[in-house]
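Following this line, the structures themselves.
You will see chain A twice below: alongside chain B first, and alongside chain C after that.
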Partner chain A sequence: MSSYVPTIGIEVHVEIKSNSKLFSSSANTYGMATNTAVNVIDLGYPGTLPTVNKEIIRQGIRTAHILNCDITRKMHFDRKNYFYPDNPKNYQITQNRTPIGRNGYVEIEVDGVRKKIEIEELHIEEDTCKSAHRGNVSLLDFNRAGVPLIEIVTKPCIKNGKEAMAYLTKLKEILFYANISDCKMEEGSMRCEPNISISKDDNFGTKVEVKNVSSIHNVGLAIDYEINRQEEMLNNKETIKEETRRFDEKKGKTILMRVKETGNDYRYFIEPDIPYLELTDEFINDSLKSLPLLPDELREKYSKLGLSSLQIEKLINNRSLNDYFLGLLEFKTNYVMAVNLLLSDISSYLNKHNKVITDTNLSYEKLVSIIDNLESGDLSNKNVKDLIDSLMETDKSLDELKKEFKIENITDDSFIKDIITKVIENNSESVNDYKSGHDRALKYLMGQVMKEAKGSVNPKKASDMLREALNK
Partner chain B sequence: MDKLSREEVLHVAHLARISLTDEEIEKYRRDLKVLMDDIDKIKEVKDFDSEMMYTPINDNTRLREDVVGEMLSAKDVGVNAPKKNGSFIEVPVMINE
Partner chain C sequence: MSKYLDLDIRKIHELLVEKKITPLDLVDEALERIEDAKELNAFITINDKVREEASTLGEVDPNNLFFGIPIAIKDNIVTKGLRTTCASHILDNFIPIYDATVVEKIKDKKMLIIGKTNMDEFAMGSTSETSYFGAPLNPLDKTKVTGGSSGGSAAAVAGKLVPLALGSDTGGSIRNPSNYTGIVGLKPTYGRVSRYGLVAYGSSLDQIGPMTRTVYENASLLNILVGEDEKDLTSVNKTKEDFTRLIGEDIKGLRIALPKYFISDIVTKEVKDRVMEVVSYLKEQGALIDIIDMSYLDTAVTIYQVITMAEASSNLARFDGVRYGYRTEDANSVDIMYAKTRSEGFGNEVKKRIMIGSYILSGENAKTYYDKALMIRDDITKEFNRVFKDYDLIIGPVATRVAPLLDTFNDDPHKAFMDDVLVIPVNMAGLPAMSIPIGTNSKGLPIGLHIIGKAFDEAMIYKLASNIEEVF
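So, the complex of A and B:
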């Protein structure tokens, strides 16, 4: 067992959803043609002035609120000065002294133990332009210059890769559900930079920052690799330098990028082009009004409806199905059955056709009538499978489709009776099991009846008749 | 006359990513010192760091509505760039690993 204690903090940048950029009215979009979502403010032209986008301040307020932070009422922006071609003003506008949120937390659970990951602060800042390196040149695309970011900084309270992954997974889920960001790490709309130090006592060791980590899983790997690397160095009496490393996925290693410049070199000062902002109670409350239910609130709500934890997690993992299901709650129906359908036949259909549920013709009324029919036995699960394409693609009602597909489950007593007699004869062992109190045998026998009838009998009726025959 | 140290001038030059000749270093040791003395004088003003120094008005929360406005064409974006590469602006490579 190692005698070193790791201390880890994580900085996360997320791109905020909005129509326009933070300080200019250019479009805040991803995937537009190179250098077409740009105006003179994004290019830092002399004489231009930034104006603050109201929606970004609202998003900042929402983020601070959902991460349990104190919201800063009076704030300003600061200039972070550095000379680099990805930012032609030679400074980035950020919030250094008055971040919009402070002292928050995200609650995680690792191996059954709950822990609060403390948030030091979160602030709003502008993104730089995107650069691609080709040999001895770099190519710049300014579409990203001025895109709004929120940077979320934890206290150094994370102990290992597992905790880091749990925190990032939770953070991503919350920000995604609150419509703050689409949090796509592969597109760079969520970027995670852990810093890691190890120490034998209460004094922190020298911290190493890891950049360019492309997935939450890799953040975990990078952290655990870095802890081992630093332990080995200290055991070999080597000195750890304050530096920035990157994670090489293929090698599973961190690799030195550059030795870090010290904080003082950024020469922060208050951005004189933007007046102080004062957030009123009214503005804050108004911003929070549009917040939807967040994952933990959904978990509580769904568990009260009787959904299993597996169903709940599957539903929350699928935003569009989840939002659809929330709408269904306006109707009175069997919600457990509804979720079963959503996660089985409906999901298979959607995956097969690469669609989301809002692209289909499955109205709430139609879904409710499917569930009613399943409950009454007028429709079997097999019928649903047979009808699923038509149910999703046409605007015909279930009754119309039943007629069209001639689905009328046989309720003719003698037909069902014959099948039951046959099943009882062929499965004497299960019949004996049932009679000696094994209820499970009934399920098996019922399965045999439906198999024999090729799903064409009313399941409720058949089940009643089977029980009656067995109890004779 | 007081001068900045050579190291101080080189540090500032490094932050601005420019190289200086020995002659220029000597010039900036004097020139930058004059500037810095002026700034120190300003700092002596009472409440230099107060809010009043940044904004003289109250209730100045002015926010822009989140609406997309006019943008430049890719051609215009590159019009002042020293070098272009397709629609990209090309600069000397910026990473040193």
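So, the complex of A and C:
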């Protein structure tokens, strides 16, 4: 049996971060009381006209840029006409003929192989109301009406669920880091709609669209399920219909929502209430100025600082820690140690107290002095663990805290010497190992010294003295 | 009955400043006249708070010519708290919660809004007979139409019920009724006056303008209406000017074009003769008048139909019974609710134009009809620009004949469009144009002259108009 080749394209909608809506001055926020972020424009009142929020055009320019698209210099908006209760004007203002970005790509890596997922176009449009159905009654919340969206459409170049997941993960990471969107699928600020067809030859098969998928992982599952379902159908000589399905998480299946009626006729035409927009070089460059470093740029930068790839990924996964760390780069310190601290003791503190680092009193100066003290041996890792709550919660300096907690590593030579002598006596086997060239034995012996001293000696000094004693 | 309202508004203003009369006197006089002339059916709604507003207007401002002057507003311009129906059943219970920008300006000038005037339903028509509330009657001959769509405003001014009114002009709707009722009506340049709060018919053509008894009052009222509005992106930023400034100036050397098409066989003899009389007079005054060829003028009506119906089909989609306006009594699904609400709420002319407009935008038709119409519209604009290289103004008749009898067009809707054959080309090019009375026919029915200016050169139109007003 010859195998089918799947062809997958994905449409992603993300809500754009902005102070106000796309065509009105109402607030663009999530989670406000129903119908409070609403004005006559959002309600589609007779006589109202749209205005264009420039901040959102800038977000569109940034998105087009970071997704490697050509930016459309002269563009307009179009009306997409269809009747639906959640559509206040019964037309949606979108971009049909002149999307702000075209011909871009996102680079992904799956199983060590790199691939460019091509982006056909991206455009700006307004969101609809949110509707809720209670028995016989439908309720509308206009807070979402007019919220700015960017729709990103790939070419049909994705081959399986794994690639789709890699693309969406990367896309989400980029848009999140560029401050375009918070990309929360659970709150609907990122919505993914894959379409899947399979075929044995160069002609595309019949396309099936899947909607209402709640997570990137589920997009992968939905696609793989759909590929299998369509293969089985074709093998059973059944005909695939052009239809929209939804993904049922519990059953792990796609379920039919509706069969597509032939030719949706949206009667597009140029929005006459909004003149053409001409994007000048100046406006574009100005918009791109405020773009922060994006994940791939961060990866490169961090790897030059000597961070391990594990550290890098952990850091990038935690936006607030990452942003904090970027600020630390203004200071001269041991960045590897800093990241270790951020990802260990500091992260545990933050997780335990459900805080982000900017909620704490950990100034950069304080962090730098902790690292200095660790390096010089004036502070041990155990000390940090003991002090962490105070370091994070008070504005006292490290020196003040050391005094308060009576942390002074003993550097008295005779005290350390006594401990070393005792450890060498009790561990003759390890001492022999060391002398016959096993470096690991030194670590073990050092551990014993610190254990004996209950962590209260300057580790650097103790280590120097131990080596000296062994080499005698 | 007092006759203050028949005075020039400069005289009324004087009396107000001298405290010989009060705004309430003017309002009471207007209300009395409206009541006496009820059969004219000029108003759809009377502002029942207007006496109270007149009483609480405060101290008369000697620098504000319009203080306390009553004005009528066409019923497609929204007025906060005052019913705005667009002469349609679908909005006959609609009380707006905001003011149109022009209404704000009128209120800022302390003018008194007497009421909302009758019109063709959603401004679709040129006789005002498509009104849900029945046609207004021509004050000069009650068996004749007022023209339309701003027929109620024309009847109110021509019937001496109010000195001033606002109309709107998409394809002649100010000039056509001004012509049939013998008043001064100006359609300003597209973008001159904010459309915010004007219930849209053909968005790319709609423009609000003044309808008055005299040229001076017209220009003075325009002074108040104009200005860029951040709520209307199609409004244009122009330096402030006084539109009365050229009134009364010598027209010697003024270069005027009279296109052959405007005096071709489509125009009745009595109208043509009257226009040619004006031409001779103007020549005597030293104006240089050439009869010229102009292309594309005969295409304008067709282009107008394609563009306005397409835009209207989308603009009127919001009247669906969901958020405001009429909603059908019983419907057991949303789709049935839409269908019943709209078929019961809209009149025949509106439904016809929505259907044709939807067809025009449907699928490939959008390219065949709408896109092509936009291209020809550009050609019409270029043709006007070509003529305006050599001429200051273009003149002609406003209509092919005097006001027809009521019910003339019941059987031939296309003929009604042809009534606007001479005024529509101006809307296509977005230019300013006026209808100014130049006398009557043998039966006392008014004939008007059409004066077309360069974009944003309304002042030049007023210059010529004031000259004609003195004599005709």
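Everything that follows uses one rule, which is that the second predicted complex is superposed on the first by the 462 of 472 C-alpha atoms of A that agree within 3 Å, B and C clash if a C-alpha of one lies under 4 Å from a C-alpha of the other, contacts with A are read in each partner's own complex, and residues count from 1 in each chain.
By definition in this document, a residue touches a chain if its C-beta (ideal position, glycine included) is under 8 Å from a C-beta of that chain, and two chains touch if they have at least 3 such contacts.
Note that this is a predicted model, so its numbers are computed, not measured.
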item: Clash-or-fit label for the pair chain B, chain C on chain A; value: clash
item: Which superposed partner A:131 touches (first chain B, second chain C, both, neither); value: first
item: Chain B versus chain C as contact partner of A:356, first or second or both or neither; value: neither
item: First, second, both or neither for A:19, with chain B first and chain C second; value: first
item: Chain B versus chain C as contact partner of A:55, first or second or both or neither; value: first
item: Which of chain B and chain C A:47 touches, first, second, both or neither; value: second
item: Partner chain in contact with A:273 - chain B first, chain C second, else both or neither; value: second
item: Which superposed partner A:85 touches (first chain B, second chain C, both, neither); value: both
item: Touched chain A residues, chain B compared with chain C; value: B
item: Clash-bearing segment of chain C, relative to chain B, as chosen among 239-247, 365-373 or 437-445; value: 365-373
item: Shared chain A surface residues [contacts with chain B and with chain C]; value: 40, 43, 51-52, 81, 83, 85, 138, 140, 265, 267, 270, 272, 275
item: Contact footprint of chain A on chain C as seen in their complex; value: 77-78, 84, 86, 91, 94, 96-98, 100, 195-200, 203-204, 230-234, 310-311, 313-314, 317-320, 322-324, 334-335, 338, 358, 361-363, 366, 370, 374
item: Residues on chain A engaged by chain C in the complex (per definition of touch); value: 40, 43-52, 79, 81, 83, 85, 88-91, 138, 140, 263, 265, 267-270, 272-275
item: In the complex, chain A residues that touch chain B; value: 18-20, 24-27, 33-40, 43, 51-57, 76, 81-86, 131-133, 135-142, 255-258, 265, 267, 270, 272, 275-279
item: Chain A partner contacts - residues on chain B that touch it in the complex; value: 15-17, 51, 54-55, 57, 59-74, 77-78, 85-97
